[in-house]
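Reading through the structure tokens given below for one structure.
Per-chain residue numbering starts at 1, and chain names A, B, C and D are given in the order in which the chains are listed.
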Amino acid sequence: MEGLFDYAPAIALFPLAAFVIALAFGPKLPKKGAIPGIVATGGSLLLSLAMLAAVAGGEEGYYHETLFTWAAGDAAGEIGTDAIEFTFGILIDPLAALMLVIVSLVAFLVHVFSLEYMNAEGETGLPRYYAGLGLFTFSMLAFVYADNLLMAFMFFELVGLCSFLLIGFWFRTRSAPSAAKKAFLVTRFGDYFFLIGVVAIAATFGTVQFAGEDSFVAAAAAAIDDGGQLFGFDAETWVTITGLLVLGGVIGKSAQFPLHTWLPDAMEGPTTVSALIHAATMVAAGVYLVARMFGYYALSPTALAIIAFVGGFTALFAATMGVVKDDIKQVLAYSTISQYGYMMLGLGVGGYVAGVFHLMNHAFFKALLFLGSGAVIVLMHHEQDMWKMGGLKDKAPVTYYTFLAGALALAGIVPFSGFWSKDEILYDALIVGLEQPLIMAAYAMGLIAVFFTGFYTFRMVFLTFHGEPRTETAEDPHSVGWAIKAPLLVLGVLATVAGLANLAPVAKLTGAEISFLEYWLDGEYGGLEALTYHSYHETVPFEEGAIGSETTTMLLGAGLSLGLALAGAFTAHALYNVPSPTRHTEKLGGAYDVLRSNYYQDEYQVWLAEGLTLPVARAADRFDQTVIDGAVDGVSSVSLFGGDRVKRIQSGIVTNYAALLVAGFIALLIVLGFLGGWFL
Amino acid sequence: MMIEALLAVTLVGALVTFVAPNRIAGKLAFAISLLPAGLGLWLFSAFDGSGNALLEGELAFESRVEWIQIGEYTVSWFVGLDGISLPLVVLTTILCTLAIVSSWTPIDDRESQFYGLVLFIEANLIGVFAALDFFVWFIFWEAVLIPMYLLIGIWGGPRRKYAAIKFFVYTNVASLLMFGAFIVLVFSLGDAVTSFALPEIATAMLEGGPEAFMGVAGSTIAAAVFVAMFVGFAVKVPVVPFHTWLPDAHVEAPTPASVLLAGVLLKMGTYALLRFNFTMFPEQAEAFAVPIAAIAVISVIYGAMLALAQTDLKRIVAYSSVSSMGYVILGLIAYTQFGVGGATFQMVSHGLISGLMFMAVGVIYNATHTRMVTDMSGMADRMPVAVGILVAGAFGYMGLPLMSGFFGEYAIFFGSFGSGRLPYSQVFTPLAMFGIVIVAGYLLFALQRTVFGPYHLETDYDVGRAPLHDVAPMFVLLAIIIALGVAPELIFEMITDAVDPILENGGEL
Amino acid sequence: MDVPIEYFVLLSMALFSIGLFGILTRRNALLFLMSVEIMVNAANVNLIAFAFYHGNLTGQVFALFAMALAAAEVAIGLGIVLVLYRNFRDVDVTVPTTMRW
Amino acid sequence: MAVLELPQWTALAPALVFVATALALFVIDSINPHTRNRSLLAGTTAVGALAALGVTVWFMLAGVGTPTAEGGLGVVELFGGQFVVDQMTLFFTTVVSIVTALVAVASYDYMADHTYQSEYYSLIMLAATGMAAMAAANSLVTVFIALELASLPSYALVAILKDNRGSVEAGLKYFLIGALSSAIFLYGISLVYGATGHLQLEAIADNLDGADAYGGLLGLGILMLIGGFAYKTASVPFHFWAPEAYEGAPAPISAFLSSASKAAGFVIAFRVFTTAFPVEATTAVIGIDWTTAFVVLAIVTMTLGNFAAATQDNVKRMLAYSSIGHAGYALIGLAGLSADGGELVMGAAMMHLFVYGFMNTGAFLFVALAEYWGVGRTFEDYNGLARQAPVACAALGIFMFSLAGIPPLGGFWSKYILFTETIGAAGTNGAMLVVAAALVVNSALSLYYYSRLVKAVWIEDPIGERDALAQPIGLYAAIVVAAVLTVVALPAFGPIADAAQQAAAVAIG
């Protein structure tokens, strides 16, 4: 089994090959490069599954190998070390293996889906599209099994590039390039802090390894223990600072408040891209990074609390905005933001397993929902406004039922996957919150968000599939083929049953050993000791409380969230599951405008860019042209003017020359005479 | 003798091209320029030097002949390469070859003279990096002015005359200042120095330091000389506030001239800073660390802000060069292996990337005859390949990982953040790093408006795909950029080897 | 010899100044020439007087040379004045001002 | 040691060759009055000049003037020290004869349709004789006679275009100022004689202490001598004749005067002040260091010359002013004499005059060519000449950049060595630092107007149509030779530098 690991690099290299092929020969290929993409991602999927097996089955149970040295040199680390190596390496532990499978699976399905969704339309530039997907898959997979922070950052940036390219796929429109730019810029802003974090961590600990003896996590722990000073701060503060800097990148990529504004715009890209990149995988990169270096955050309660609070706030904040959107993809976009908020909340309170669990489930059901909406868009001939739909239920049953499964999972209705993971997150938040008021606030926000989630999810379902068709395209929709249905079915099944991976509540009630994911992440089947759930759990400095017994607390929380979800769903049912639903926005009053315009988040960010930065730049330019350059030109014009004056003494009249000559001579005579005392 | 051969080949080639008929001049120049390029690669492969050329390092391809006796000082023909200069020489040879190819399309008047001058400038640039005697170095340093003046002046844009004369006089004044300062230094070193060989002077500086001269204390002399030389080089680099000649020169210069200007000429300044100020004056460098770092940060941010305000693609790239050079200064002043090494790496990398950018802009200009962001949109629709490369280059400029730019910047940031020599380095570094956000801002903004969106063009030319010989050089550059980005050790190893001795003089390892 | 040397020097200086004054005030080329001659002769006076004073002949010999050269100078000068008149129909030295600044 | 067998007087061979050639020309003219056989006349002149050059070089190689200690033949003194032939003599004779040869060859075409051919050439030869004699003169008597011998033919040559108002006006002004100056000079001589009782330079030096009583008298005399030299070298305030004379005279004559005549003026200045008035001794007598006067004159002269040149429209006049500026540079050689290493400064000044000999001659000869073509006199008239006459214009570019001191051209060495030594002298004479600063400012400014001419011929497009330009063999030959010399002077500067520095060292003794 161990031998399998030697093939690990291929997981990422397959898609890279697909990228090259699509770019070079795409136009000549059948399906314009889809085939190599499908083959490559399929290959990656199989290999990833093999890795999963290898981790589970091997006695060592993980793979940590440095592939090649990117750059090496001397650098005086703040603690001791004087040589540093920046390397490319692979770290496959339970977490990475799991993520590899998720990514390659979704990527594979999206490639298949694209066969019909993209190729059917007589789309131009398909090679570019498949090349983009290939490059993205490569970068994402490489990011997932990166064994050090710098490598992670590099591929973190590359996925950003791919997202830019794919959002801007329809570059001939005005909106797509703008959205692409916004996406890259906003995430870049986050990455700025990330990069500072990377630099700071490298400069502090002289290493950027995630795992092993020489990992910066271990170094940080050691530094905190002997309580030294790092760059003038005591160790824990410095860890918090660097951790938060890295978190900047996370917030950008995972679209957390306040850097979430790019994600809704990113829906300008093809729906498949939204499914793959802006729901299931790339956006997950941020959260995954937190999980990846969880040991580091675990060292700093402050950082954790901030993560949790940001998460909880974002969850609620985004959910409320999702309520009033009319574009089906917009609704999904905001729900994505909100769901990642939950994951942050989970990780923030130390619920490592819960966070990862939700990450997995969300990948499945959100990809499902996006692909489903893609199917709907095909049905509706590229109509995305839910008010123009309706009654698709009977006309496209497959789409409907799979979509419904996804919706139930998203809303967190038992027993669909979403319920289990979200509930676990809320439970972890609750027990910590009982001791920590700040966390409690985060928990509360997360809880309220459940209601809105349920509401907007089913508002979406009802408006799209139920009631009477509201347009003639909705009357006789375009049909969809197997390439669309197959992925939906696969994901539908997963969305329904993925919860089985970790039925923690049931386990607690019955005491049955069925919380597999927890064991998995805990290294029961293999893994690195330092990266296991319990070692994290020991480090996490939060103590946990309970209302009455643990079980009651759990049941209470679960019931509460489930009830809220159902409440939301039923409200939606009451309002929109009618033959011809109407907007009930007026009930919201002034709040509607606020929500509709997303709390004016875009406005102020756009103002920062165009209202503030640009004028300042123009002013600087004017200053540069007038003052600085003016000084330069001034010197030359002054000297030329001087020259023009000087030459005037050459009057052309020879007598004047004689006079000037004598005058000059006498002047010289007087000066020297006095100095030499000749006149005495 | 290899360096002499390199120079001879290029100079003779320049003469031949100069008298060749216009018709074949371009192809001929390309054929000739392959020789130095090949030779340069051979030098790269056969490089056997170690250590720093100025600090008792093992020189590669060294040769030294007495030339002129000025008073008790000897001027000798003294050339040789070390890990710092070799990559720059190779960069020069390659970039010149590509620049020649890229000018086949735009240059349609007095070709033979044009290509002759390009080869002439190449020879001088090689000389600048290879020379190890002050006068020899200064001869090449100044000789660059003539061809560049003519290239801008004859084949440039509408305001070419103003730009050319400004470039010519401004940079020459700077050189005079620097020359005077250096001569003062040499005289103040007294009997410790009997020649203008840079290694000897460096040794004298580091061991004895200047004596009193003109009744001024040696330490004061050293400080004054350091400042004067820094200013002199700062003009060439250029750093704010001595940068205003650059945008004019770039905007007016023909594409290949811009390529060489941004690609190599600016590197002369930073190279000289490294060789003189930061190698010979470690103490003064430390004393002035804070103001210099401040200048660097200002150059980065201010330059980027200026780029943000431009609507001329070339001006954008020109100002962003100012910004990028700011990183280099920051890396140099950090005095760490990654800082100085990264700065040197960044010289090469920025040379490649900015060259690529100017070529790409040039290709678009050839087709549209405008560079105004406001005049065009959706160029990707008509020239997908060229635009693709432009986008790639832009991301390289933004420091996209796996492209050389990222390593250069990362190494500089890493090196300067941890620097013990630079006070407040943990403040300066993040400030400078904000440049990576602004650069993304203005480049993406420009791309969005020019190459994306619905196709539209103010000038009435029908735009088609760019010819192969316009695109090929850009592919080559892109390949090198990615290669260096994936495996920076290719040159970083020899660079650090040459940088270490510098750091041992008060720097930190 | 009982005339003190100072007198000769004063005399020559007076002559010199007169000549100089003439040059600065006269605009006629010929008068200009004469003034120059006066200055030259001032120098000759000096030379001869000093030769006498120092008791060596160098000065007297040189004075002869000087006169000869002065004559040659005048010859050239007159030639130039001639062509001046031919071109400008005037011997006023302030007339030709076609080249200035 | 062939020279030894020859009688002493043959040491003056160069001057004798000149005078012989002049007589030969008279003979030719008397045999065949008003002959228009240009090739014969110009040929004879050129051959004579080259013969003189040959003899001079032969003497140099044979070691005339080289101290016997160094295995040379030692300084040759003639007629009781009235004349002396040492390295300085030969050095400047070389300059004079080279310039004369170039001018003769160029005149072949320029004076083609002139009536009085033989007079013209014989006058040139006589003037050259005077200059050669100046180089050897070692007594105020011979100095004055040689000076007049050089001046009188020059007056005639300037005014030789009898029907050209410009020429006549130039001749008039040249003559009047010249007459005045020589009167002042003569009076100065008489005063010096009065103070010391001697005219032979060494004798003056020996008797300085005897002149204590007449300090003021001597000082005034010295000042008047300075006036005389200032006139000959076109230095402020005796420079007023120069712009008009150079502008109005036939271009070859302008070249002749601004190069050879200026050099000759400097050689007597150098000799008189180094031999007759050693700094310390003289200072003891006149109470002030006479180099102060030259410091002032140098600064004022270079500044006035360059600033006035900057805004000229007429090319020839620009060159005239620039030659005033260069006189200012050369004056530094005297200004630095009181400092340690003064001989080096003077040596540098001599190098500069040497290189200036051909680069400035070449520049004026290009003007001659332009006048021959009849394209006009202003910068605008020169626009775009490069398109029609690339070779000549390339040569012009060489001259201009060399005058500006840009490498890789001979002008670079002389100017920057001068700069270097000036700073070196500043070590003991603070005033020299001011001079160095002035040098920087002025050369920066000079860069502007020199490159302006290059811009006109190379960059600008011609205004209006111009018909094809002839290629006069003589002018072209002279210009190309001058250009080649200017370029070759860079690598081959070693001997020049050595010769100048030795000559200066010996002269100062």
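One rule holds for everything that comes next: a contact is a pair of C-beta atoms (placed from the backbone, for glycine too) under 8 Å apart; a residue touches a chain by one contact, two chains touch by 3 or more.
Computed from a prediction, not measured in an experiment: that's the story for all the values here.
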Which of the two pairs, B-D or A-B, is linked by more C-beta contacts? A-B
Centroid comparison with subunit C (C-alpha atoms), farthest chain: A
Central chain, going by Cα centroids? B
Here the gap between subunit B and subunit D, centre to centre from mean Cα coordinates and rounded to Å, is 42
Using mean C-alpha positions as chain centres, tell me how far subunit A is from subunit B in Å, no decimals. 37
Would you mind pulling out the distance in Å between where the CA atoms of subunit A average out and where those of subunit D do? 78
Taking each chain's centre as the mean position of its Cα atoms, how many Å separate subunit B from subunit C? 65
Multi-partner residues of subunit B (each touching 2 or more other chains): 169
For subunit D, jot down the residues that touch at least 2 other chains. 172-173, 176, 180, 184, 243-244, 448
Residues of subunit C that touch two or more other chains sit at 23, 93, 96-99
What's the complete list of touching chain pairs for this entry? A-B, A-C, A-D, B-D, C-D
Partner subunit D, residues of subunit B touching it in the complex: 67-71, 110, 113, 135, 138-140, 142-143, 145-146, 149-150, 153-154, 160-161, 164-165, 168-169, 172-173, 176-177, 179-180, 183-184, 187, 213-215
Of all residues in subunit D, which touch subunit B in the complex? 341, 344, 387, 390, 397, 401, 406-408, 412-413, 416-417, 419-421, 423-424, 426-427, 430, 433, 436, 440, 443-444, 447-448, 451-452, 454-455, 458-460, 490, 493-494, 497-498, 501
Touch list for subunit A against partner subunit D, complex: 636, 639-640, 642-644, 646-647, 650, 652, 654, 657-658, 660-661, 663-665, 668-669, 671-673, 675-680
In the complex of these two chains, what residues of subunit A are touching subunit B? 68-78, 82, 150, 153-155, 157-158, 161, 164, 168, 171-174, 176-178, 180-181, 184-185, 188-189, 192, 195-196, 199-200, 202-204, 231, 609, 613-614, 616-618, 620-621, 624, 628-629, 632, 636
Can you check the complex and tell me which residues of subunit D touch subunit A? 172-173, 176-177, 180-181, 184, 215-216, 219-220, 223, 226-227, 236-238, 240-241, 243-244, 286-288, 290, 292-293, 296-297, 304, 306-312, 321, 445, 448
